[in-house]
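By letter and in written order, the chains are A, B and C; residue numbering begins at 1 in each of them.
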Amino acid sequence: MIRWLLILLFGFSTSLFSAQSNDAKKRMLNMVGKLEKIPPYTCDVKINIDVKFIKIKERVGKMIYRSPDDIDYNIKGFAFLPKKEMGTTSTSLFKEDFIAIDMGKENEEQIIKVIPMDINSEIVTGQFWIDSADLIQKMILITKDKGSYTAEMSYNDTPFDLPSKISMSFDVKNQKMPALLTGDLEGYADEMEEDEVSKGTITITYSNHQF
Amino acid sequence: MIRLINIELFKIVKRPRTYIGFLAIFLIVGALQLAMYFEGEELISIAIQNLENDFRLEGKIINANLLTYLLLNSIIIHIPILICLVTGDAIAGEAASGTLRLILQRPFKRTEIYIAKAITGFLYAIALMVFLATMTYGLGMLLFGSGDLIVLRRGVTVIASDDVSWRFFYAFCSGTLSMIVVASLSMMISSFVNNAIGPIVGTIAILIGLNIIFTLGAPIFKDILPYVFTSHFIKWQYFFDFDIDKLALQQSVMVQFIYILIFNLIGIWNFSRKDILT
Amino acid sequence: MSVILEVKNLHKSYQSFKAVDDISFHVNKGDIYGFLGPNGAGKSTTLRMILGLIRPDSGLIQLDGGRVDYQNKKYLNQIGALIERPDFYKNLSAYENLKILYRMSKLKDIRIIDDVLKEVDLLERKKDKVGGYSQGMKQRLGIAQALIHQPELIILDEPSNGLDPQGQADMRELILRINKERGITVVISSHILAEIEKISNRMIVINKGRKIAEGAVNQLMSSESIKIQIKTKSHAEIESYFNTHLITFTNENESYYIQWEEAKIDELIKNLNSENISLYEVKQMKTLEEYFLNLTN
């Protein structure tokens, strides 16, 4: 009797689990579908960097979006931009088959963990925080050899539910360059620890979208 | 005094050695800029390869502003050598050639003659720095155009192209002040010897020696470093910080002015008293 | 005859070496005053002290009655000089060299440059660089730079150095001309007696930093005037006598040397004895000429 009860319980929880996974996967596929529907557009961008050893004022310019894999920037002057991979990373997660696991809720946002089935995928795992309006509020991607990226989004009624602001955080290794190259003969470089890793953040604010 | 300065300027303008400095700057600047034109990308990529691992870098790194910044570093050794060639010769060279005797037989105090020579030396230093600035920025604009300045000092600082001009102005002023210290030192040494080579070699030896000692960064020297004049030759770099350390710069200006005063006072004192035997 | 230059008790030592040892002399206006001594006697050092190129350890220099003040160089307006070799800015022309010196003077009329170049016969070569000049031309240009500011006194240190006999003759003629025609007092130094003898009217002879003799050339060179060596133990008394009677003397190793007329030696001895100055030797030396030739040989 107890054995049957246990078998019943296991079967029920598995089916519940698989029902939940299917829901999560459906929701993720929904999100990807929305992304693919976005037409090419241009918009104004403001880029701010917060990295321990980089000092740069806000940069302004334009972003040209053609597809999730094809984003270009036209910035006045010099700018530090997120690596292309960060933009394409999230979409590459969904190119092949994947498992989506509902991790529960946090502050009314559903947390879905995505694990790609492709063993060669750059990404080991990704976690998404999605709100009730089906907007991704936050995502964390863990890659094989490029560390982890965290992106937090803000929205303000932009068409196609495009974020008005994205803050991307990632690991950055401290730069220590030879004094001969930099002309810094005051020994500042000695004060920095070799190979010290710190968190860097790039915040991009989007506005004035033209489709 | 104006008369004496005009005479000294006339002598400097007529002397072929004067133009070595300008020619050398022309060649150094030209060579470096051409090298950067052809090989600059490779050199820069070595410097910023770590950055490229974490970011996508958008924009022109090599531009007139970067070249000007890099070439300002030549004031540590190269420009002082060129200045010494003229200022070190001011008294010792004339003593060796016998013309010092000629001008000291005229009704002018030795102090006046020394000051006129010193001012002329300073004007020469200023002229060299102006030429350096013009040559560097002018040729840089021609070859590379303008752009944001990326300073790889104390991390990475990016200065917008429209925020750079005033920084360079003050940086060159600071560099020029340092070169006036060099001119004062070489003139002081020039007043002690009767051959033209002595002040030139002596000044360069002092500059290189002090640079080596303090660059090695021995802890025992750390406390006296702010009072050694060679340590101020790179203070112009402070103008390219995000938050400019005004106090440090003010102290630097003061220290250098004191050195200029001391070197010239010693030079005048010695020159006024020395027996002219040549 | 008024005195234009007076030097009193000039001393200069370099460590233990006495370059100038108590030299005194005076130059009258209009003189061509010879400064004679072998090489290393202290001639150049003395002349450089007059010009303020070297500071004396002690002594007094007066120019036209006024004490020379090294702090105030205005007195150099009255003196022109050519000391040792004629050095100029080799990369500049004769005209440019003189123009520099002209601008350092009080003069207002730039035509003076051409005038002095004409005086020294260099007008046609005025635009040539001095680096290409011969020794004779440089010497003449040296005279020109001494004259450019119209001084009252010029000091020429060995002006015939490096010149051939014709060049030396030309130099003498030039000096005589500027003395006679312009009324400029000349002090000319040399280690060659004949040179001084030919153009100077008064002279001083020095050796090892000390004055040997001073006076009119014709008197000093006269064979009647000889050098006498006097040995005595009464040093204070004899020196007092010489000073009181304005007799120029030198002393070496307890011997005193004076220039005296041969015919008046006995009278001198008598006078010294009457002053209770006991003499234990009086020896006749040579004429000044013989003495000087000995020194320079």
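Quick note on the criterion: a residue touches a chain if its C-beta (ideal position, glycine included) is under 8 Å from a C-beta of that chain, and two chains touch if they have at least 3 such contacts.
Owing to the predicted nature of the structure, the values given are computational and were not obtained by experimental measurement.
Look at the interfaces A-B and B-C and say which one is made up of more C-beta pairs in contact.
A-B
Taking each chain's centre as the average of its Cα atoms, which is closest to the average over all protein Cα atoms shown?
Answer by centroid distance: B.
Once you find the CA centre of subunit A and the CA centre of subunit C, what distance in Å lies between them?
Taking the mean C-alpha position of each chain, the two centres sit 99 Å apart.
Centroid from C-alpha atoms only, then distance subunit A to subunit B, rounded to Å. What do you get?
50
Could you put a whole-Å number on the gap between the CA centroids of subunit B and subunit C?
Computed from C-alpha means, the inter-chain centre distance equals 49 Å.
Applying the document's contact rule, which stretches of subunit B touch subunit A when the two form their complex?
Residues of subunit B touching subunit A: 46-47, 50-51, 53-61, 70, 73, 76, 147-148, 150, 152-158, 160-161, 211, 214-215, 217, 231, 234, 237, 241-242.
Which positions of subunit A touch subunit B when the two form their complex?
It is residues 52-57, 73, 75, 77-84, 170-173, 175, 177, 179, 181-188, 190, 200, 202 of subunit A that touch subunit B.
Mind pulling up the subunit C residues that touch subunit B in the complex?
Touching subunit B: residues 48, 51-55, 71-77, 79-81, 83-85, 87-92, 96, 100-101, 103-106, 145, 149 of subunit C.
State the interface residues of subunit B toward subunit C in the complex, per the touch definition above.
Spelled out, the residues of subunit B in touch with subunit C are 3-4, 6-7, 10-11, 14-16, 97-99, 101-109, 273, 275-277.
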